[in-house]
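Labels for the chains are A, B, C, D and E, by order of writing; each one numbers its residues from 1.
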């Protein structure tokens, strides 16, 4: 799930490695001002720059990378830095924030849990320029529909802020997607708690292992995401205007809370695995004790029976009328002794649990 | 216990997710100057701003979130930033300190141990403005009664300082609540120490596991709390006036001490679990040794008895008059040899503990 | 051992929680200049400020907290910040350094090993002002006798420096107390090394566990102590004059060395516990192997003997004159086969250790 | 694989420790401007400085260290700092970036996986000066062929930038080599996942161990590499001109992503080893349970049979016509009791796994 | 090995704790300029300051601390800070760098592996002043002979730089001594790799444990050493002149590389211990399985044989002519069933290892 599409080693910086099976790009433009909003598709990328007009925010949303010429056309139209296009297309990159001469680049990644429980973490690349925002998605990911609807609905601060607020709103929508998955994994751990004590089935451990793997994945993308958002908030950073920074700080707190949830879930998963193993080991010891007791008591008795089963012609005890009963007496004495011995060692009988008030 | 009430993904920033079952807000106003103090309830939130007067500190304590219109009314009355209200209502947030144009926001969380031993960590949001303080509690939490009584009683520095001192006093009261719970968990670990050595009942491990889970919860909220209080003390921070900062530094030291207590308790719990497992494993080895000794000694003897229990018509030894006694002699010799062999390996007899002066 | 005397929750800042059984304060004043030195007790605290005179250093050493009025009297006499007195009396606080308007507060803690091996870490609070030093000890702790004697003896830099040098000298005396305890624990671990290999008695593990607990305690107080001393050395810090800072940097290096000794001792204790468990586990495996060998060899033989012990009227082999010897032959063949099988698996015979030159 | 060629202890700084078997140096010069490019070998090192001309970038690529005089000749020709030549030749050094008076030194290391799976990490030393770049390779490593071809092909930013861009391009080519190896190890871990659950062969653990060792090697060189690249990007750093820094920041993100991949692979390998051990331990417990059940049931029965196999002349039960059947009844009763007992303890029968929706 | 010679608690700062058995000091002076060099011993310490002359570097090397008066004489002659002498003599101190009014103090420590494999880490204290360098060694350690020879031989930058270069050269010679020991431990771990898999003798674990202890010691001194050298390179630091700093940065990289080698060796030792334990545990499980199989198959068979060995007068089966053969049939059927059962559980037969291409 970590596989990255890399250009061949030694390739020229800026070489694109289009992910296989990425569909033909659909270029969706959303253009709005305080009073006006329009959504339409564009085919001819050379016409894109002409669309940008003052007082309007122009959002160019590129869905699909299946046509290198078209992508390079967009890059040329907006004069993107060659590295910027590489970062947008050679997915997945580490979440990051980078500022170029006349536009900023932000890469955000959002986890998606597949039907098989596997977590993939597709990326979206944001290019924030003066009056425009370009987003690059490998394919239609569905992260942005709610925001587009809000733009069309109007109201709220969206329509009165610039392209930086739009970028914030989209990144915030992506960060929001971490929470339900982290929560689901955290809940799954809590659900397993009871099984660990009551019924230490090996399946429990397999589940814990699976959850831990998913948490490692989440953590691996969550930490750079937090870092990237922090970087956008540095005082000297030209990413966001002051009023939008207030909102971004809120997103930063969300991702921090998520990362902490992930980290404490990992700790709990670890503790739970330990508790499972201890429980299994305790049960195994109990089984062992029973074996030891049975064997230790009956092995000597069986030996005695064996002795008097021997066919020597001359075994004096065998002729004694009381012999059989004496032997039984000896056997019972041995058993009683063993039981007392084991009890004195604390191997028989239930030990007391600590008092509940502690 | 970690569940958070989140707006749906992609919701507009500022969307409120009122926690279910949160009661209708009660708005309690406490207003005081050096010479005067008044406590009363307010129903009509639009009248709140008019209450603020110079030389007075006006504390608006909102208990319960069950009425979105009323909450939005408070926010409008004090012109709160939209993100501020979201932070106050969408509980729980990470403990944090945020400064807006004309008010500061602080979120503090305080642990409460329920009757079932579960720890919940409700949050209170503080909005500190010029001459006023607004506190948002999900429901009546009881954290602030002692402070309100101190205000009414008068005396002390409270009545002569501004709303920042009041915020400090309330946050300090919340931080104080960490200590008894952290102490209780630390004591519980010490109580278990003796049981681990004397009576390694599996219940002990379950208890350690429970305590560790509670410590993870405490740590997860304690660390951001410390961070948030540190942030309030940064030189450039507008949160607190210089004289109040002296007091806040004291609170910072308290939370630092608590976090250290939590961390060392966690280490001790870890060590204790290891000690428990070692002890159980040692006991299990002892049981094993007994089994091995019994079996190793009697299995060959039983075999010998079995041999002379065979019904072959021609077994020369059986007819010898001394045969039976010779066989006993061999058996005793084998036993003596085995005992010596085991003793030479150190499997029989008690090993010496290290001298006590080490 | 971690219990702290806390005022009740919600108490006014500055509320004192006098530790129970703390004796009535004894107020010992040591006053010296380059040429003169005097040591005497003071009863009436209101006379204290008048004692301070220029060219003299006045050291007010308060031993015992059993009289709140007297403590508050001292605080009033020297116009201490209310938080300062709380920090001095509500023991134990975290080691820290705090600067107020016209005096500085330093809290230092020093470990004391009791006769039962438990480590307590009493605190001393230092108030360093212009020409005076106040020390608050819960009870007579005996940390400062050597320094007081050096003052009376004269000579050295003590008599020619101000109250900051005196504070340094006392804190240095307290930090010196960490070393012998840390060393003793480190030595105890080394002493246990040999027992772990030669004689893995369970008592060894209990001792390691005890040492680790003591190291956790030491570490928990040592780290804040180092932090506090670092804080006193910050460039903008008003705690110590430049010539005294040179000395304090030396103390800082001592505490750093101690903390490193504690940390590496903890690692060694961890390693040792692992080594112990491995050794026990190895011995247990050896025991297991013997059981397996004995049982695997004799169980089939016993079965064969059992077969020919059956009382069927018609068992053809029994009538054969060679039957008995043929059975013996089969048994010996089985035994030889088993021994070879086990030897081929490496379960019998001693494995070679790696060559000593590696 | 970590062995370093060090001069003898106490050697003069600047002493060279030529790696054994390093071939005679081949000095390959690539010289290009925007319009012109030439590649040729140089034998006489004293002619090298004369080659440097303005508007051209002169790249001197030294392959092989087998001739100290020649290396010293290069150093003299370009007036390299004595430490610089030591760093270039005494391989391997830690990846680093160092600036001298009139040239900068960068050491980069790139992993190469041998046919036996061992990872070696040869270094290349870059000396970046005004208009020239010198690279030192222990032997022909093949890292730079693609870049040299790009230079000859022309196009792209290479030909229009200075020697710093060339250094960037070569370092980027080296960093690119980390990814496939890190990816291969990460994939190998995922491939082992299934074997751990389905077929816990001990070979699995050996493989995990091998992968972890390789990850430790990768991490040991990857971390300093990241550090070194960060150092090149410090604001005050004279390493790269502003336009080239944009490209280097991209390389920095690549190495950061690689280091994160390595770290999460290490965590996964750890988790996998734990899962393997748990699985083995579970299977071993299952085997144990069967042994216990068989032994616990049959040992008492065998004892009973043994009792009535004794040859006492007077055993009343033996003469009873029903005796044999009564004994069978008792044996069956014991068996039934044991089975119920074990079932009540949960030792027989399959425990239910937790529901799949958790 | 960690024992430190400390003055008694509460001793005056500057009190010396001469290490026991330290020999009488030998004071060796090496004096050189660009053209001249002289090495001689000095007895009368009061004449030392007169030796210092401009254009010359005067190196006073003190070997042995067995005469407090002489040491104090040196300190007085060069007007050393009282703390400086304490740091030089009360060995071992933490590696550190400290600047006083007119001289700097540097403490460096170098590991020495004794014949018994124990690592001691003696310290040397450097006092760098204007035109002179004083080194304090507890006894003749032999670290500096190579450097002294280089001075006498002339050539290289040594004779043309000041006392700071000499200090650098000596510290560099000490840092060089870490590498062979760290390398030796790292090699020892690699050598043990093969034994762990092929022949898990308990001695292997003891060796790993010993190596880890040595690595803990190395790490404990290596980390402060790195810190100290970093401190010498801080921009505002007066320790070294700019041209010498270039050399010291090289030493800093060496110590950093060494610390990383130590840290990765520690990780490898940890992994190796885990691998050993897993291997032992796997072998023990194999032994266990054999026991279980033998016992599970033969115990029921022996029971059956026992039943027909009973001496009841009326056992109908015994009289049947086919009885004996029927019983054999039943026994064989049970055996076949058990073997199939165990095979179906995967307890018999060799499991397949994962394919080698993964």
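Just so we're on the same page, a residue touches a chain if its C-beta (ideal position, glycine included) is under 8 Å from a C-beta of that chain, and two chains touch if they have at least 3 such contacts.
Worth saying up front: this structure is predicted, and the values here are computed from it rather than measured.
Undergrad: Expressed in steps between touching chains, what is the minimal separation of subunit A and subunit E?
TA: When the steps are counted carefully, the minimum from subunit A to subunit E is 2.
Undergrad: Under the document's definition of touching, what chains do subunit C and subunit E have as common neighbours?
TA: Shared contacts of subunit C and subunit E: no chain.
Undergrad: When subunit B meets its copy subunit C, do both sides use mostly the same residue numbers (more than half shared) or mostly different ones?
TA: Different, since most residue numbers here occur in only one copy.
Undergrad: Would you kindly tell me how far, in whole Å, the mean C-alpha position of subunit B lies from that of subunit A?
TA: Centre-to-centre distance between subunit A and subunit B: 24 Å.
Undergrad: Roughly how far is subunit A from subunit C, centre to centre by C-alpha average, rounded to an integer in Å?
TA: The mean C-alpha positions of subunit A and subunit C differ by 38 Å.
Undergrad: Which subunit E residues touch at least two other chains?
TA: Only 281, 288, 291, 295, 299, 302, 306, 309-311, 315 qualify.
Undergrad: Should the pattern of chain-chain touching be classed as line, ring, star, complete or other?
TA: If you draw each chain as a dot and join those that touch, you get a single closed ring.
Undergrad: If the ring is traversed from subunit B in the direction of subunit C, what sequence of chains comes out?
TA: Listed round the ring from subunit B, with subunit C adjacent next, the chains are B, C, E, D, A.
Undergrad: Which of the residues in subunit A end up touching subunit B in this complex?
TA: 143, 145-147, 150, 156-158, 169, 172-173, 176-177, 179-180, 183, 186-187, 197, 246-247, 249-250, 253, 256-257, 260-261, 264, 267-268, 271, 274-275, 278-279, 281-282, 285, 288-289, 291-292, 295-296, 299-300, 302-303, 306-307, 309-315, 345-347, 351-354, 358
Undergrad: In the complex, go through subunit C and note every residue touching subunit B.
TA: That would be residues 2-4, 6, 9-14, 81-83, 86-87, 93-94, 96, 98, 100, 188, 191-192, 195, 199-207, 209, 212-213, 216-217, 219-220, 223-224, 273, 276-277, 280-281, 283-284, 286-288, 290-291, 294-295, 298-299, 301-302, 305-306, 308-311, 315, 317-321, 323-324, 327 of subunit C.
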